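In the part that follows, the structures are each spelled out as structure tokens.
Both complexes below contain chain A, partnered by chain B and then by chain C.
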Partner chain A sequence: MEEVIIGLEVHVQLNLLKSKLFCQCPTDYHNSEPNTHVCPICLGLPGAMPVINRKAVEAGIAVAMALNAEIQEKTLFYRKNYFYPDLPRGFQISQYDFPLAYGGYVTIETDSGEKKVTLKRIHMEEDPGRLTYPGTIDTARYSLIDYNRSGMPLLEIVTEPVISSPKEARSFLNKLRTILEYLGVFDGSLEGAMRVDANISLKGGARAEVKNISSYKGVEKALSFEITRQKNLLKRGIMVEMETRHFDEARGVTISLRTKEEEQDYRYFPEPDLPPMEPRSLIPDVKDTIPELPDAKRRRFMEEYGISDYFAKVLTSEIRMADYFEKVAKVIDPGLAATWIADILKGELNYRDMEFSEVFEAEKLIQVLKLLAVKKITEKGAVKVIRVMLDEGGDPLKIVRRLDLMVMDLSEVERLCDEVIEENSQAVSDYISGRKEALNYLVGQVMKKSRGKADPGETNRILIRKLKEREKDSS
Partner chain B sequence: MFNPISVSEVRERYSQGESCYDVISEFLEKIKDSRLNTFISISENEALAMAEKIDKGKLSGRLKGIPVSIKDAISTRGIRTTCGSKILENYVPPFDAHVIERIKAEGGIIIGKTNMDEFCMGTTTETSYFGPSKNPWDESRVPGGSSGGSAASIAEGSSVLSLGSDTGGSVRCPAAFCGVVGIKPTYGLVSRYGLIPYANSLEQIGPIASNVKDAALLLEIIAGKDYRDSTSVEKTFEFKLMDVSKVRIGIIREMIEKVDEKVQKETWRAINKLEELGMNYEEVSLPMMDYTLAAYYILAMSEASSNLSRYDGVRYGYHIEKEMNWNTYFSKVRAEGFGDEVKRRILLGTYALSAGYYGKYYLKALRVRNLIIQAFNKLFERYDVLLAPTMPTLPFRIGEIQDPLSMYLMDINTVPVNLAGLPAVSVPAGLNNGLPVGLQIIGKPFDENMILNVALKVEEEVWKR
Partner chain C sequence: MITDEQIRHVAKLARIELKDDEVAVFREHFEKILDYFGMLDSVEENIEPVFHVLDICNVFRDDVPGECLNQEEVMANAPKTEKGYFRGPRIV
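Presenting the complex of A and B:
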């Protein structure tokens, strides 16, 4: 098999900061009317000047530190010049020489064990506005521009070309998202939070750059498509061309945008309105704000709660899930809590394509697990409650009552068992004569009579006891 | 006609009991009657409303009731700001520049926006979309530029104080050509917030006035740190009279040898006068002078090519009501909206920043800039101020210089100051054939007080006699 070489440029929107990168406009535009989160600075009005948001630099430093990168002594903003309707100044304020940080790595799990995805550099830049097209990009007669996003703080995180499969790329991005969310500067569930440009080549071939892949799943799809495309070209003896391609998310294909000869000249030069900064001087302040990171938390969960490595890994893969687990594990046996959150709840979420942020409060799960622990509901009943809460919301106790999920009282089960034994003499004698599988039939009959509310384990136990008594009586 | 009015003259009228409304109305009339095309817009309503407030005792401050004109490159909220260009012909800023806020806070009255070369790119106001201004000393001649409307307005007495901007001499040049005082402050002393940028790393907003003390007063008001301009510094300015008899003066040889003979003659006459007063000078050399103009134009045009990219007709400014794809639209708007000189500088700047040329031009120009700074630093070890004629010629006729390169050469004595970020003032120092000659006094960074005191000496001992 040909060796696949992938390098990623990940654009991360620091969307949990309060204000934009160079002005005081708020960043919470995601549910707002277009062009309401704007000012002379992010609209690029003549004479309005950018001022660096110190919090954004601190967030950049925190990210760089969490990714083990080396913060540089001096950092500088540059102008990246190009015309585009979403770019209000005709240039983007970005970084070029003297980025915020060089190096660093992210540890990911692969089929062949742990792997360090090494980073080239991390730099800061501003987001342009957003164009929307009525219909699709190639058929629209006009486009609309929303500058709410203009000036949003971005980090560009560039990996070395060390990723060797679409799956690895996906787990790198997942891990990156986890770390960024731990730092509290990023919410990966918001639209446009993470956008990726991918460089892909097969060993010996030229590389293609796929631009602006804007979903996590899209990355894997785009890369797989691109690898197949390149392989097919090579099979037919056609050289892969160095070019820039666009990922069409809807159709799941990449389309050529421009070849190397048409590459833009961005005419980078230092932004004269922003003096150089010395980010290292901010490290002491930032250091104390960096929380426990995923790998450390995973180790602590194993030690502190005695849960398996697998559960610890799943639980710490999202800060929200980790926090959720710790809340539940305070009250409920941690082993039980881990199983129910990492396996069952997470599974139900995946099935529904839901994010952990959409889950009901931990208190509700605690109630469900308490009922389960004292055998008031069955495991099946507990799952049912969880499903209803995810789909419709609501209070666990009310759901248990409404759906009649409370386990049947044992004396009632005893009574039903007696009835079933009376009514099914053939099965009873079959059992006594040694055909043990007849028991299943009897259990089934009890369950049927109880309309599923009898605990199957208890029913089993009671029936065996009663049948043994019969055996004694008849012998 | 040269008929400037000082701040103290206006104050005198107020102390005689005249109303601000009447005084301002008179200035507004003067603007309307002027034949010099000094203003692009008159802010009559705003000015009179403010005058009424002052008459009711609602406003005070160090500029109370003083009519101030503003170069049309400086943003004024609610008053259109064209930067001398068709592309911004109808642009009305939604915010005030920092300097405008300061003037308003001191009771100054903004009476209008003055003519200028398009986007400050010129030395005469001839590149203005609104036509050239004329020199009050001789209407067939240019008033200098790019802040030509401001200087001409001060000289004709249609305003008392004015703000210009100086990227490569744009305050000092018209001050010299119009016989008034113009200050280019140290880079960082005055916030550029609201100044429509031509070349950010070179320019400063600067006062123009009929005399040194008035210019100093306006500088006191506009100087100071503003958090909205990250290149502004924690400094203020206060004008204090000082004894300049012991000031060490250097005369920059390269800046005097190559200029027009008439200018040389007036410059030496002024210097000799200072000598008679007991001041000493030495002739000094500023190496690198041969490279400054090239370095300046490369840097200025590079920055300009990027600064002017925002004028695409999408959000504000000149636009076309026709459907076409966006890059055709951008090209069309810019082809129709910009004048020739602006296009020339955008093209040259774009070229200088292009891959393969960046190192050859832009980076080399930056190196020259550093060498100039070092050369000045060295001179300032031995001298307190450096003197030179502001302009290499007397004010020339409108239309006289057609060739762009000859025009760029006019900036030869003013651009080194911008490259080095130094303060300088142009003060009138003589008349030749009825035309004024300006003397440029250059100082150490933030030593505005020194150069203004020397300028005051020139004004009192040379110009006024």
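Presenting the complex of A and C:
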């Protein structure tokens, strides 16, 4: 099999900041009317002067520190010149040969163990606006432009070409998202929060750059498509061309853009309206704001709560889930809490294609697990309550009552067991004469009488005890 | 020496259409500009590049959202608009 070489350029929107990178426009433009979150600066009107958002630089420093990158002594904004309708000024304010940070790495898990995905650099830039096409992209005669996104603070995180499969690329992005969300600078669930360009080549071949991968799922698809395309070319004896390709998410294919932009064509030059920065002087302020990061939290969860590495990994894969678990584990046995959150709740979310941010409050799960712990409801019943709360919301106790999920009182189960033993003398004598499978039938009868409200385990135990007493009496 | 091809390439990057006789005019201009920059060659080496003439750095604003323009003001200078969007050329 040919060796696959992938390098990623990840554009991350610092979408939890309150204002844009160079102007005061608010960043909460999602779900807003077009061109309502814009001002002379982000519209590129003549004479408008940008001023750098301090928080954006601090966020960039926090990310660089969390990714083990080396923050540079001096960093500078540049103008990257090109004409595109989503870029109102005719240039993008970006960074070039004095980026915010060099190096760094992200540790991911692969089929063959841990791997450090090393980084080339991290730099800051502004987001362009958004182009859409009326109707379909194939038939539209013009584009529609919304500048609400224009000027949003972005970090571009560039990896070395060290990723060797689409699956690895996906786990790198997942881990990156986790870390960024831990830092509180990024909400990965917002549209356009993370966008990826990928350089892909087979060993010895030219590389193609695939642009415009804008969803987590799209990454694996785009990379797999591109790898297959290059392999097929090689099979037919055709050289892979160095080119830029566009990922068409709807069709799952990459298309040649037939443009050859070379770096010199961007005519980078220092942005005269923005003085240089010395980011290292901000490190002391930022340092204290960096929270416990995923890998450290995972180790602590194992030590502090005595849960397995697997559960610790799942629970810390999302800051919201980790915080949720800690709330529940304060009151409920941590082992039980881990199973119910990492396995059951997470499974129900995946099934519904829901994000952890959409889950009901931890207090509600605590109520459910308390009922379960004292055997007032069965595991099955607990799952039912969770499903209802995810689908319709509501209060756990009310749901338990409404769906009649309270487990039957033990004295009541005893009574039903007696009844069933009286009414099924054949099964009882079968059991006593050694056909132990008759027990299942009797348990079934009790469950039926209780309309499923008896606890199966308890029913089992009570029946065995009663049958043993019979056995003794009859011998 | 600047080639015709380089001039046409720069013109293309600037989205400027050049007629054949204009290429010669621009060559003259370009050469003058490059000659002027040639002065830099006479400066001794090992001098740190100067990116900004003012000796200031770390000029920031606080992360506080402010007022935006309203959609009408935004569209005031646009030759073509549609439903709150600017209308632009088709690119792909």
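Please note the rule applied: the second predicted complex is superposed on the first by the 467 of 475 C-alpha atoms of A that agree within 3 Å, B and C clash if a C-alpha of one lies under 4 Å from a C-alpha of the other, contacts with A are read in each partner's own complex, and residues count from 1 in each chain.
Methods note: a residue touches a chain if its C-beta (ideal position, glycine included) is under 8 Å from a C-beta of that chain, and two chains touch if they have at least 3 such contacts.
Since this is a predicted model, take the numbers as computed values, not measurements.
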{"item": "Contacts of A:D265 with chain B and chain C, given as first, second, both or neither", "value": "both"}
{"item": "Per-residue contact with chain A, leading partner among chain C and chain B", "value": "C"}
{"item": "Which of chain B and chain C A:S19 touches, first, second, both or neither", "value": "second"}
{"item": "Touching partner for A:R79 - first (chain B), second (chain C), both, neither", "value": "first"}
{"item": "Contacts of A:I344 with chain B and chain C, given as first, second, both or neither", "value": "neither"}
{"item": "First (chain B), second (chain C), both or neither touched by A:P276", "value": "second"}
{"item": "First (chain B), second (chain C), both or neither touched by A:V331", "value": "neither"}
{"item": "Partner chain in contact with A:M49 - chain B first, chain C second, else both or neither", "value": "first"}
{"item": "Chain B versus chain C as contact partner of A:P40, first or second or both or neither", "value": "both"}
{"item": "Where chain A meets both chain C and chain B, residue numbers", "value": "40, 43, 51-52, 81, 83-85, 141-143, 145, 265, 267, 272, 274-275"}
{"item": "Complex interface listing, chain A residues touching chain C", "value": "17-19, 24-27, 33-40, 43, 51-57, 74, 76, 81-85, 131-134, 137, 140-147, 246, 257, 265, 267, 270, 272, 274-278, 281-282"}
{"item": "Chain B - residues contacting chain A, complex", "value": "74-75, 81, 83, 88, 91, 93-95, 97, 192-197, 199-201, 227-231, 302-303, 305-306, 308-312, 314-316, 323, 326-327, 330, 350, 353-355, 358, 362"}
{"item": "Interface residues, chain A side, partner chain B - complex", "value": "40, 43-52, 79, 81, 83-85, 88-91, 141-143, 145, 265, 267-269, 272-275"}
{"item": "Interface residues, chain C side, partner chain A - complex", "value": "13, 15, 51-52, 54, 56-71, 74-75, 80, 82-92"}
